[in-house]
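Okay, so here's the structure we're looking at.
Lettered A, B, C and D in written order, each chain numbered from 1.
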Amino acid sequence: MLSAILTKTFYTFISLMVILNYALLLIGSMARIRAKVQGRVGQPVWQPYIDIIKNYGKRTAVTHGVMFYLGPVFRLAGGLGTYLFMPVVYGFVMFENFSFSGDLLLVMYFIFFGQLGMALGAGESGHPYSPLGVSRGLAQMTAFELPFALAVISIVAQYGTLSITEIVAAQQGGWQNWVAFTNPFAMIAGMLAFLGMSMQNPFSVVIAPQEIPIGPPTEMHSAFLGMLQTNRAIFNGAKMVLFMNLFWGGATHKYLLVAILIMVVKTFLIYLYVNIVGASFPRFKTEQSIRFFLGVPTIIGIIAVILQSI
Amino acid sequence: MIKRFFTIILMVFFASLFFPLVGLISDRDSVSSLAKDYLVQGRDDFGAANIVTAVVVSYRGLDTLGEVTVLFAAAAGISLVFKGLRNEGKDKKYRVNPPSEILRTGARVLLPLIFIFGVYIFINGHLTPGGGFQGGVVIASGILLAFFAGNIKELNHGFVTFIESAAGFSYVAVGLLGIWLAGGFLDPRFLPMGEFGSLFSAGAIPVIYSLIGLKVGSEMSGIIDAIRSY
Amino acid sequence: MMTNLLFILAGALVLVGLWGILTRRNIFKIIIGFSLVDTGVHVFLVAIGYVKNGTAPIFDKEYSSLHSLLNTVDPIPSALVLTAIVIGLAVTALMLSFAVRLILKNRTLLVDGKKELKW
Amino acid sequence: MVNPVFLIAITLGFAFIFPLFEKINPKLSRLAGILVFLTLVVIPLIWFINISNMDIPYIYSSTVGLPSNLTINLAVSYMEALVLLVVNGVGLFVYLQEAYSKESPWKGKQIILLSIVMLGANGLIITRDIFNIFVFMEISTISLFGLLSCSSDDRVFEGGFKYMLASGLSSVFYLIGIGFFYLVAGTLNLDALPDGINFTGGVLGVLWPLFLLSGVLIELKPAFANGWGMDTYEAADYSLGAIMSGIQATALIIVLTKIIPLIESNIIMPLLLVVGSITFIISHLQALGQSSFKKMLGYSSSAQIGLVLIVLGSGTNILLAIVLLLTHSVAKSGLFYTGKYFNECGSGRDKPLLVVLSSLFVIALLGLPPFPGFGAKWTLLQILGGKSDVFTIFIILLGSLLEGVYLFRWLGLKIKSDRDSGLVVSEVVPDDDAIPGYSSSDTIGVASQTGLAGLGGCIKVHFSSDSFSYHQLFPALMAVIMVVSGVVFNKGVGLTFRFLIPFSGILFFVVLDLFRVPTKFQVFLAIVASIILGFYVYPELNGFNTLFGFIFLFGIGVQFIAFFNRKGYSPGLMALTVGLLVSLISILTSKTNFQLFFSWEMMTLTSYFLVLRGDNAFAGGYRYILFSLASAFFILAGFSMLHGIFIGEYMSLPQNLLPVILIIIGIIIKFAGIGVHIWLPVSYAEAENDVSSIFSTVLSKVGVYMLFLGGLYFSKRVFKGVDTMYLLGWIGVLTSVAGSMMALFQEDIKYTLAYSSMGQVGYMILGFSIMSHLGWISSLYLVTTHMMFIGMLFLSVSGVIYRTGTRLMYQTGGLIKRMPLSFISALFAIIALSGVPPLSGFGAKWLMYSALLEKGWYLQAAMAMFASGVAFLYLFRLIHSIFLGQEKAIYLNVKEAPAPLLIPQYIFMICVMAISMFPNLLIKPLQTVIEPYFASTVRWEGYEVISALGYWNGNAVMYVTMGVFIIPLIWLLIVNRHVYKVKQFNIVYAAERPFKPETTHYAYNFFGHYQKALGFLVEPLISKFWNGTGILVNNLSGGLRRWNSGNPQGYVFQILLYVIFLSFLMGGTN
C-alpha cells in the first residue's frame, strides 16, 4: 500500500516535471516566434523560467486578505488537478496520472475549480480591473464551453464512452482513426473552442496583458504571480494534452520517450495553431466573442452531434 | 329608434310565446278534481258558504298568513323608507289647505258607515263575497278620509301598533290553537261549526277573518300615516 | 270561448304593461306599466278558473245539490288571485315609496336620469 | 318530532308581537330575539339528528288537519333539515351582528323584517306547494326591500328599484307558470303535480313550464340578466349582502330543486347545465373588474349559484349541490362581515383575527381544503370524470380559477403592508444613466429592496386594543364550525382520521399565538413537533417517500433553527410553517388521490400565506397563488379521470392520455417550468428571508415528488408521436437554461437565488424524464444535495440581508472580512451548486450527463452544460459582489450573521462534505429506492461508481484535490513568509487613491457584456405574455361589465331576453 502510494507520488512528480518544463519552454519559444513574426528580437526562450524564479524569489509581498492569498493556490490546484485527472501518454502507467478517479466530465468540470479560486482571489484584492477581467473571462468561458461540450458529446456518442483513455484507445491504428478525421465537425468545433480557452488573441480581452495592467492578476505579484505563471504553464499543457487526446489520437508508442516526443510534437502544433490565429487576428470585444462562439462553432458542434446520433 | 325596434321585436317574441300556449286551451267543462273535492267537502269540512273563503282561510290558510305577512312587511318597509327621509332632515312641512266644508260634513256622515261596512265585510267573509282584506282596506280608506277631513290629526301610533301586533299575534295563536285543539295548523274547527249560513258558523273562520281585517286595516292605516307624515 | 277572450285580454294587458315599462322614462309610468302587467296576470289566473256557464262558488241553504255544486267556477284560482292581488298591492306600494325616494334624491322623474349604480 | 309549521309560527309570532314587546322592554325583546333565532337553529338540528338516526325519510305536515292532497303541506327531509340548519344559522349570525352592533344597532321594524326574511326562507325551504312558494318568495323579497331602505348608502333606492322591477317581473312569470301548471295538472301540490302532468301540445308541449322556471331562475340572478341584483349588492349594507347571498339565494336554490322534477329531465338538465355554465363563467369575469367589494361578492354569489346549477344540471348527487350551496352561504356571509370590518379599519396587518377569518372564508368559498366545498368539488369532478364530461370539468375549474383571481387579489390587498406598492419591484438592471449605489443615506428605505427598516423581515403585527372585538367572535365561531364540518365532510369523502391528526398542529400553534407565546419558544416546539412527526410517519414511508420524507423533515427541521433569529412575536409564522411541513408529509403518506390532493392544496395554502407575510409580497403572493391554483386545477382535472385509482399505483391506471397530460402540465406549473415561471422569482424573493429559504430548499421539490410518484404512469405515453417524457425533458432543460440566464442579470440577490433554484429544478426534471436508472438517480441525487447547498446559500445570504438591510448586491461588498463564516458557507455552496469537483454538486452533474449521454439526448446534454456554465457565472457574481471587492463605509461595523442563521448552514455543510467524500452514502440508498423501477445500470468498485459510459470516484477526487491544494499552499507559505496585510485602498491604481468604494467596487451590471451579447434571450417576453393575458381578461371583464348598463329598463330588457333565451334552450330551435 505504502509503496504503491510512493510510486504513484513519484510518477506524478515525473509527470508534472515533464509538463511544467515542456510548457514553459513552449511558452518561451512561442513568444520568440511571435516576436520574429512581428519583426522584433523577442525574449529568450528561457524567459518564463526567469520570470518564475524572480517572482518566487521576491522577499516582500502584500496581501489583501485570506482569499487573495488562497486564490493562486486554488488556481494552481485547478491546473494541477486538471492535468492529473488525465492520462498524458497512452499506455504508460507513469503518465496515467490519476485518470482512474474520473472521466472526461471530471476534467471538464475541474477546470472550473481553478477559475473560481482565481476569481475569488482576484476579487478580494478590491481592484476594479480584477473582477472586470473575471467577468469577461467567465463570460467567454460559458460561450466557448458550448461548442466544446458539443464536440465532446459528439465524441462520446461516437465511441460510447466517457473515459479519456478509452477514447484514445479507440483512435489507435493510424491517423485515419483520429477523431480529427473520423469526426471532423467535432474537431473543428473543438479547435475553435480551444482558441477561446487559450485566451490568445481574438479572445484575449480577458487579460490584455501587454497594454494596461488589467485582468484577474492585476493585483497579483511576487510568489502569487509566480504560482499563477506556474499554473499557466501546467494548465496550458493540460489543455493541449486534453485536446490532443480527444481529437488528435493521443500520444502513444511502445517506447515511452517516443511517446512523449509524439506528445510534444502534437501539442506544439496545437499551440502553434493557436498562436498563428492569435497573430493574425485583432482582439474581439467580450460580447463579440460570445456571439462568435455561440454562432458558427456551436452550429458546427450541433452538426457534429447530429451526425453522430443518426 | 333602434331601441324601440328591439323592444318591438321582443314584444313580438313574447306574444308568440304566450298566445300559442294559451290558444291551446278552450273553455273548461268542469272544475279540476281538487276543486271538486273542495266544492263537495268544503261545506262539510268547515261549514262555510263561500267556498273561496274556505279555500283562502283554511285549505290554503298558509297562503293567507303569508299574504298578511307580505302586507305587514311592506308596511314596515314603507315606514322605514319614509323614516329614512325624515331622518335626512327634509322635514319641511307642506302647508295643507284646510279641508272643505263638503269634505268635513260628508266625512261626518260617511265615516261611521264606512267603518261599519268594513267590519261587515270581514265578519261576513265566510258567507258572502268579501273577507278580511277587503274589509281591512275599506276601514283603511275610512282612515284616509278621516285624515283628509281633518277628523284625525295624528294617528295614535301606540294604538295602531297594538291592534296590528295583537291581531297578528292572535292570528298565529289561532293557528296554533288549531294544532292543539283540532287537526292542524290554522284548522278552524276547534270552535263549533254552528248552523250553515249563519253568522256564527264555520268554526273559527269568522274569527280569523276578523283578525285579518283588523290587521290589514291597521297596516294600511299605518302605510297611509307613513306616507302622510312625510 | 270566454276563456280565450279573457286570455287575449290578459295577454294584451301584459304586453301593454311591458311596453310601458320598456319605453316610458317616467318612473311613475313605469310603475303603472308594472301594475298593468300584474293585472294582466290576475286576469289570466281568473280566466283559468272559468268553467262554461259556471256560477260563483257561494252556496245558500237551497243551492246545494251535487249537480249544482259542480256548476260553479273553479274556486282555487279565485283564491289564488285574491292572494296575488294583495301581494301585488304590497309590491306596488313599496315600489312607489322607493320611487319617491329615488326621485327626491335624483331630482328627476326620469328613470335613467342619473345612474349611479352600474357595471 | 317538532312540526315544521312551528318554524313559521315562531318567526311570525315573534315578528307580530315584537313591536309591542319592544315598547315594554327593548333589551328583553332583543334577548327574546336571540331565543327565537336560536330556536330556528335548534329545531332543524333536532330533525337532522333524528332523520339521520331513525331512518325517517320525511317529516311531513299537512296544515289544517285534512288529507294532504287538499291542503298546503310542509315537509322536511335530511336535505331540508341541513339547509335549514345552515340558513338559520346564518340568520342567527346576522341577527347577533346587527342587533348588537356597535353603531346603529337594528331595532324595531328592522328586526321584524329580519325575522320575516327568515320566515320567507324557511317557508321556501319547507313548503310543498307551488303557489305557497310564490307567497314565500314575495315575503322574502319584500322584507328584503324594507331592510334595504335602511342602508347607509342612499343609492340603494336606485338599486332596490331595479331589483323590485326584476323581482316583480319574475313573480309575474312565476304566476303565469302556476296558472299553466294548474291548468294542466289540476293541483298545486308539489307531490301530486308530477302525476298530474300530461300535457301534449306538440312543440309547445315542452315549452309550457318555461314561465315557472323563468320565475325562479331570474330570482337566482343568472348572468346575463343579473345587473339589477349586482347594483343592489353594491349599494346595500354588508349585512344585506349576507342576507341576499347567504340566505335568500340558498332558499331559492331549494325551490329550484323542488320544481326540477316537474319538468322533463331531458329538457331541464341540459338547460341547467348551460345556464349554470354561462352564469358561472360570465359572473366571475364580471366580478373580476369590480372595484366595489360588495359588488364583487355579489357577482361571486351569482357565479356560485351558477356552479350549483351546473351540479344540478349534471345529474350528479343533489347532496353535492347542497354542500356547495351551504358552504357558499356561510362563507359568503362571513366574508361580507369581515369585509365590513375591514372597510372600517383599513389595512389588515394589525388585525390578525380578521385576516385569518377572511382568509378562511375566501378559502372556503373557493372550495379549498379543509372546507366542505373541497370534498364536494372533488366528488363532483370525480363523477364528471367518470362520465368523461371534460367540458363541464373545464368550465368548473376555469370558473374556480377566475374566482381565485379576484378573491385572492382582494385578500392580498387587505393583508399587504402599507409600504407595499403592490407591484413587482423592478427585477432587472436599470438604464445606463441611472446612478447605481446610493449617494446619501436617505435612499435607504425608499426602495423596498434596500431599506434597513426591514431588518430581519419581521412582520410588524401589533395587537392593538381593537385588534379583537367581540363582533369578530361570531364570524370566528362560524369559521370554526365550517372547519369542523369541512373536516367531517371531507372525512366522509375519503380522509382518514389518522391522516388528519397532524393538521391539528396548525391549530396548536394558532392557540400558542393567541396566548402570545414568543416565537422563539414556538420554534423550539416546532422542532420537537417535527421530530415527533418524523417518528410518527417513518414506519409508513418506503421508497421515494422515505427519501422525500427525509428531505422535507430534515430540510425544514434544520431551517427551523434559523427562525430562532426572530425576536418577539410573529403571529401565524410557526402555525403556517408547521402546517406546510405537515402538508408536505401528508402528501407523502397519502394513500388515495383525494388525500394526496387534500394535502397538496393545504401545502399550497400554507405556503401562500407564508409568502404574503413578506413586506412587499402582494404581487409575489398573488402570482404564487394563481399559478398554484392553476397547477392544482390541472392536477385535479387529471385526477378526476383516473377513476379513483391512486396515482402511485400506476400499474392499474387507465391508458387514457389526457389525464397524464393534464397532471404533467399541473406539475410543470408547480415547478415553474419555462413559460409558467413568472410566479416563482417574485414570490421567493418577496417572502421573508428564512421563509424563502424553506421555499427554495424544500418546497421547490414537491413538484418533482409528484413526478416520481406518478413515475412510470407518465412514461411511455405517446403524444402525437412524441414521447411525453421527451417533451418534459426539453422543458426541463429549457427551464434550467432560462433560470440560469435570468439569474445572471439580477441585481437583487434574492431574485438571483430564486431564478437559480428554478434552473436547478429544471435539471431535476430533466433527470427524471430520462426515465432510466441513472437518470432517476441523478435527479434524486440533485434533489437531496440541492436542498442542502441552496439552503446554505440562502441562509448565508439571509444573514447578509439581515445585517446590511439590502438585497441589492452591488450595495454591499468586501464583507468577507466582517462575515467570514457566512462567506465560507456561501463559498462551499457555490462550489457545490456549480458542480465543480470535488464537492457533491459534481456528482449530480456527472450522473446527469452520464444518463443523458447514455440515453442519447445529446443536445439536451449540451444545453445543460451551457446552463451550468451560466450558473457558474451568476454564482461567482453573487459571492464576489457581496463578499469580495471594496467594503462600503456604512457596512464597516457589520457583524457576523447571527448564530441561528449560521448553525443550519454548517449542518448542511457537514452533510455536503460527507456526501462529497463518500458519494455512495447517498447513491446507494437511492439505488435501492429506484430498484423496483429500473434495473441498476451502474456498478460499484469500492468508492468508484461505473456507468456504461464512464466512471467517477468521489473519494479519490477528494484526496487528489486536497493533495493538489495543500502542496502548493505549503509551498506558498514557505516561499511567501513575509506578507504584509494592506489597507483597503492600497491597490495599483495608476498611483492614485481610488475615489470611494462605491465607484471602485465593480459589481453593478456585472455581466453587462453578456447582456449585450445574449440579452435578447432574457427579454421578458413571457412576462409580457402573461401581462397581456391579464390585460385581456381584464378587458373582457370590462366589456362584460358594461352589459349591465345600470338602466332599469335595460335590465327589464335583459330579463325578457333571458326568458326568450330560456325558451330557445327548452324548445330547441323549433
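Methods note: a residue touches a chain if its C-beta (ideal position, glycine included) is under 8 Å from a C-beta of that chain, and two chains touch if they have at least 3 such contacts.
Quantities reported herein were computed from a predicted structural model and do not represent experimental measurements.
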Chains in simultaneous contact with chain C and chain D: B
Selected interface, B-D versus A-D, where C-beta contact pairs are more numerous: A-D
Approximate Å spacing (C-alpha centroids) for the pair chain A, chain D: 52
Gap in Å, rounded to a whole number, between the CA centres of chain B and chain A: 105
Distance between chain centroids, defined by C-alpha means - chain B, chain D (Å): 54
Length of the line joining the C-alpha centres of chain B and chain C, rounded to whole Å: 16
Sequence positions of chain A contacting 2 or more other chains: none
Multi-chain contact sites of chain C, meaning residues that touch two or more partners: 14, 18, 22-23, 44, 76, 80, 83, 87, 90-91, 94, 97-98, 101
Chain D, residues touching no fewer than two other chains: 131, 135, 138, 142, 145-146, 149, 154, 157, 176, 182-183, 188, 1053, 1056
Touching pairs among all chains present in the structure: A-D, B-C, B-D, C-D
Chain B partner contacts - residues on chain D that touch it in the complex: 3, 5, 8-9, 12-13, 15-20, 23, 61-66, 69-72, 109-110, 112-113, 116, 119, 123, 127, 129, 131-132, 135-136, 138-139, 142-143, 145-147, 149-150, 154, 157, 176, 180, 182-183, 186-188, 201, 204, 207-208, 210, 1053, 1056-1057, 1059-1060, 1063
For the chain C and chain D complex, residues of the former touching the latter: 14, 18, 21-23, 25, 27, 30, 34, 37-38, 41, 44-45, 48, 76-77, 80, 83-84, 87, 90-91, 94-95, 97-99, 101-102, 105-106, 111-112, 115-119
Complex contacts: residues of chain C adjacent to chain B: 1-4, 7-8, 10-11, 14-15, 18-19, 22-23, 44, 49-52, 54, 56-61, 64, 66, 69-70, 72-76, 78-80, 82-83, 86-87, 89-91, 93-94, 97-98, 100-101, 104
For the chain B and chain D complex, residues of the former touching the latter: 6-7, 10, 13-14, 17-18, 20-21, 24-25, 32-35, 37-38, 41, 45, 58-63, 65-67, 69-70, 72-74, 76-81, 84, 158, 161-162, 164-166, 168-169, 171-173, 175-176, 178-179, 182-187, 189
Residues of chain A touching chain D in the complex: 56, 59-67, 69-70, 72-74, 76-77, 80-81, 84-85, 98, 100-106, 109-110, 112-113, 115-116, 119-120, 123-132, 134-136, 138-139, 141-143, 145-146, 149-150, 153-154, 156-157, 160-163, 213, 218-219, 222-224, 226-227, 285-288, 290-291, 294, 301-302, 305, 308-309
